[in-house]
Amino acid sequence: MRRIPRLRRPSGLPSTTTNVSRTTIQIQCRHPSCQRQRPTVTTFSTTFSPPSLNRLYSSDRQQTPASSSAPAQEQIQELQPRVADEIISAETGESLDWADEGLTAAREGPYGAPPQRVEAARENDVADPSYLPATTAEGLRKVGGLADWWYRPDNWDVTGDFISFRPREKVVDPVLIEAAVRRAVVEALALREVGSDDELVAVWPMAMSKSDLLGLLNWDVKGTEDGRVTLGGDPSAVAEGLRWKDEDTSAGSDDLAETLTSEEVSALAETWHPSWKTISLTDPRIRFAVTKRVFQLTGQLVPDHQLPSTTTVQALLRVLKKPPKSATLNEEIQKRHPDLLELPNVTVAAKRVTRGDKEKALGRFKIMQEEFKKRDIPGLGHGYARKGKEVRRLKGGT
Amino acid sequence: METRQVLRPLGSLKHTTPSSAVTPVFRSVASRRHQSTTSRTKKALKLPPHPDFLTPQSGQNHVIFNPPAAAPSVYHTPFKFLPKSDPRRQANLSQLLRSSSDLHTSSRSTELPPPMSKLEMRERKYNVTKEQVEEMRQLRAADPATWSVLKLAEKFNCRPYFVMICCKASPEHKEMENKRLEDIKSRWGTIRTKAREERQKRKELLLRGAL
Amino acid sequence: MKRIRIGQLSRQWLATTPARSPTTTTATTTASRVSILLLLSRPAPAPTALHAQIRCQSTTTAITPEAIFDEPESKESKEPPEESASSHQANSPLPSPHPDKALRSAKLASLHARLSLSSKIPLPTLARALVDPSADAHPYFNNANLAYVGASRLQYHTSEWLVTRYPRLPMDIIFAAMKSFAGEPALHRVARSWGVEAAGAPGEEVDPGYLQFAKDKPSVMMHKWGYARAEAKELVKYKWRRGMSSRVVFDDPFGNTIPPKKTNEVEVSDARNTKELLMEDAEKNAHANFVRAVIGAIYLHCGSDTTKTFVKSHILSRQLDLSNLFEFDLPERELTRLCDRENFDPPVARLLSETGRLSRTPVYVVGIYSGRDKLSEAAGANLLVAKRAAAINALKAWYLYSPGHVGLPSDTFAEDAAPWKPAYVDIGEIIS
Amino acid sequence: MTVRALERISVGQNGLGAFILQCKKMDIHYCDQSGSSRGMNAFIKSQLSKFASLHPQIEFAVSPRPRKHPVLIGHYINGKQKSICVKNMDSLQVLKKAELLRDASGEKTKRVNKPITSINESVRGVWSPYHGKGMPV
């Protein structure tokens, strides 16, 4: 089963309920993509200071370093706090303790700032008399530079990554979808049983150990004809599970428990009472809660134009289980109409049949290539010939 | 051709039945529209069918053999050319006997058309003996100018064609004759020479059956 | 047909490889039989993406590999002819598409269906029929053998049909009629009417559905049954006259002389192709060879009666006005000799009707009568022309006599055929 | 004096002896993205396999032609082409156009005035003024 990252709360989403205080976000990133090794970052000064402006002038104007650098210095000082505030206000985290990296340097927000500019000593400040500044570039070694600083991934911290509400990959396996739908229905109805209706529209944490999940799925959910639903377990425990908790759940134990293999689920599916599919979802709050939960768990979004028609779980399943529409007709033919490919007198091409293909099939292509070679015209493409005037004029060329 | 004549009387009997068909009414020429398109010509040519094609009152249908007057096709082999073993010859024999018998009685009712020219009917005389042929050759060889072909034919009372078959003039004479002809032809103008060339072409075309 | 003495013939038919290698061949009986083995025992193809193609086929003949490799490496067949025993990597591109590419070519499948060929004829055979010897000199992969078999069947059916349908045709006219039905120009049109397109140049990447031939390379002219005359060279140099009866014996069914053969090799063989004469019109020859190869393939796979119906429906159903083929020299004399020979009354030209005798455009209708029977009639601008035309018509009427739909000798091949009724055989044309 | 022969070539008529369908290839171009090609895509998915199996003698080349309207191009034995743009048509209309291309021959559509077009000589013979009994005036 795909690993559903146990995110406490999608960072980007402003939480709808007012009472949730902006507690500090414990980011346990289980996301495989962010398990990168952290290169040992050399210690550098944490204060972000914009590139100092005093060395902008060419060397011959150095005689007035003091005056020019002083105003520049205030500028920098005054610049520095404002910039820092902006960045910090975007992020609520204070210095984060990287438990496992042991990186001593605290980071300002989600990125590592480039190091402070180090200036070489001036010619006359150098104590060694034999020092002679180089006049040409040969022999000098290129050191440092901030060329690709912002493109190196290790300067960016995962905290900056956007944690989305839906999982990164869509769950396509129909069995898993069915399990997710069942879990969503059970949770929604449990909340309805417990009576905390406003919870229905809240964001529910996904964290649930495998055993609880299996237990939840095993509930004997039955939908009777008159619409009443009997849940097989006690709803309060589930409702409790759906509230955001503050305790710091250890990262290790959960990440394995999450994966539900489709075999297990399909084994479970037989035990389910078929009538659970007749549970009606006509109540909009329930339907919204279920579809929201399913979208959070599997990434499958019920298209808006189909929402009104999903009155029962069966309809919902039918909408969700439909395989994704194939992008190209060629793909569709290979999947759904292989008989067209077996016909001896039919050729189906995946790409456009160009003039070159036709000439190749006719055997004339190699002759044309020879003729081009004789007249030293490039065999393929335009070679030296510029694009046609009309094309350039269309594209606004002079 | 033979078979067509024999069947002709059958066809002509049909015409005697009173043709009750309405003769097509001809509108005055002025009001008639131009037959400039196919549909107009078709409408104008839409005549009532000939009575032959209407089924007679007696109801039983009949064969109409009324071919247009056309050049006989070379693929219709004349009766005389049919080989003995040909089935058509046996089938036709009985009719031939019947028609030939009444021929004698009706004193050659179908008179043969006149010969194309008197030459056709000439009798071959075969009156020239070998010695005369030898003599003719000597005369011709001795003095082709005076003893021309016509003179020799007159002398031996035979056709000039026969004289040309028997004796050949000496090369010099032929040479001189050709030169004379060349002189005549050189005097021809463009029109006459072109006409003669055309005539030569037509002869070749005729031989190829393409005329 | 080819100048092949009977002795040499059997060896040629038996030999599956170039005759010069003195090999004993055990299993195969006819040269065309090779193509069956060729197809049945073709190993699974190397994936086409693989640049190096292995085109080998196993034949049960005990051909000693050395015999193959001692053969001089002819320029055309860049890759040495492989045998199953020694399939090795041929890095140069193949001269013609790999036989197994035929199974995937839609153009070939549609051509196969268009000719409504029976399913017994596999697609690779049709693909092979499309490869001219000038494109691929290797005898196992070009249509020379098939075309040879097809040519003999085609000419047999055409000549038989002509002679029984028009027994009195002069020999020259029969030659011309044979050429107009089964000759190169006619077969070129037949192939084009089947929708066969010519490929720009032969090669491995060409779609097997195209007809592949090379204009600059020598190909194989279908030398039909015939012998090269001893005086062949002089005939060409001094333009000696060839008697008509000598043509019947020596020349090919279309009356053309067989050019003097350069070497005594077998007609259709790999080495032979290098010295073959260059076609004056390679395209027509390639199209014609394709049609013959299809007929050969049908004969090979479906038997003779299917071949006969195929030839009848595709070739003999074409229309030809035989009366246009005649060119007379002295028709009046020939007609009198005819009547004399058949002891009819001597022909007399009679004037049937005339019009405009004094006008600028007179018309005379002259009929020729032998005794009381009218032989023919014709119209002309003057009396002599009319008489000559009438004589020509009379002669045509004589020559073009046809006993109608009489049975063909090949009908008796069928099991339930009726006993053979002798067809009418004419005494012959008037030779003066 | 013997007869000499002239060179002639026999003339074949399609349908006499053997019928060859004139349409030999049909190019079917569609586009995945464009809306006008929706009908053509449906035709390819639903009708084409039946149509192609009914006519094995026609070669079908299905290939995408992005950013262009869907088109059916018929290639004929006389080398000519006929193309029909089937934009915004549903699959049955496209099928009808395909049948139209199948039945067409390469020739341009021409009005046929005479019911019979034949190269045979007429069996009864063509009237000529010089033969027969002459016209009774």
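Order as written gives the chain letters A, B, C and D; numbering starts at 1 within each chain.
Definition applied: contacts are C-beta pairs under 8 Å (C-beta built on N, C-alpha and C of every residue); 3 or more make two chains touch, one makes a residue touch a chain.
By chain, with names taken from UniProt: A = Large ribosomal subunit protein mL50; C = Large ribosomal subunit protein mL44; D = Large ribosomal subunit protein mL43.
Predicted model, so just to flag it, every value in this text is computed and none were measured.
**Student:** Most remote chain relative to chain A, going by C-alpha centroids?
**Tutor:** Of all the other chains, the one whose centre lies farthest from chain A is B.
**Student:** Could you tell me the distance, in whole angstrom, between the mean C-alpha positions of chain A and chain C?
**Tutor:** Here chain A and chain C have centroids separated by 74 Å.
**Student:** Indicate the whole-number Å distance between the mean C-alpha point of chain A and the mean C-alpha point of chain D.
**Tutor:** A distance of 57 Å separates the two centres.
**Student:** Measuring centre to centre with CA averages, how many angstrom lie between chain B and chain D?
**Tutor:** Centre separation, chain B to chain D: 46 Å.
**Student:** Using the average of all C-alpha atoms in each chain as its centre, how far is it in Å between chain A and chain B?
**Tutor:** Distance between chain centres, rounded to whole Å: 102 Å.
**Student:** In chain D, which residues are in touch with two or more of the other chains?
**Tutor:** Touching at least two other chains: 6, 56-61, 121, 128, 130-131, 134.
**Student:** By the touch rule stated above, which residues of chain A touch at least two different other chains?
**Tutor:** Counting only residues that touch two or more other chains, chain A contributes 344-347.
**Student:** Mind pulling the residue numbers of chain B that touch at least two other chains?
**Tutor:** 71-72, 208
**Student:** Quick one: which chain pairs are touching?
**Tutor:** Final set of chain pairs in contact is A-C, A-D, B-C, B-D, C-D.
**Student:** Write out the stretch or stretches of chain C touching chain D in their complex.
**Tutor:** Result: residues 106-107, 109-111, 113-116, 170, 172-173, 175-176, 179-181, 183, 185-186, 189-190, 192-195, 209, 244, 312-314, 316-321, 324-330, 333-334, 353, 355, 363, 365, 377, 379, 395, 399, 429-432 of chain C touch chain D.
**Student:** Spell out the residues on chain D that touch chain A in their complex, using ranges where they run on.
**Tutor:** Residues in contact with chain A: 30, 32, 41, 44-45, 48-49, 52-53, 55-66.
**Student:** Help me check something: in the complex, which residues belonging to chain B touch chain D?
**Tutor:** Against chain D, the touching part of chain B is residues 38, 67-73, 208.
**Student:** Please give the residue numbers of chain A that touch chain C in the complex, ascending.
**Tutor:** 344-347, 359-367
**Student:** Which residues of chain B touch chain C in the complex?
**Tutor:** Its residues touching chain C are 1-2, 71-72, 74-83, 85-86, 112-117, 120-121, 202, 206-211.
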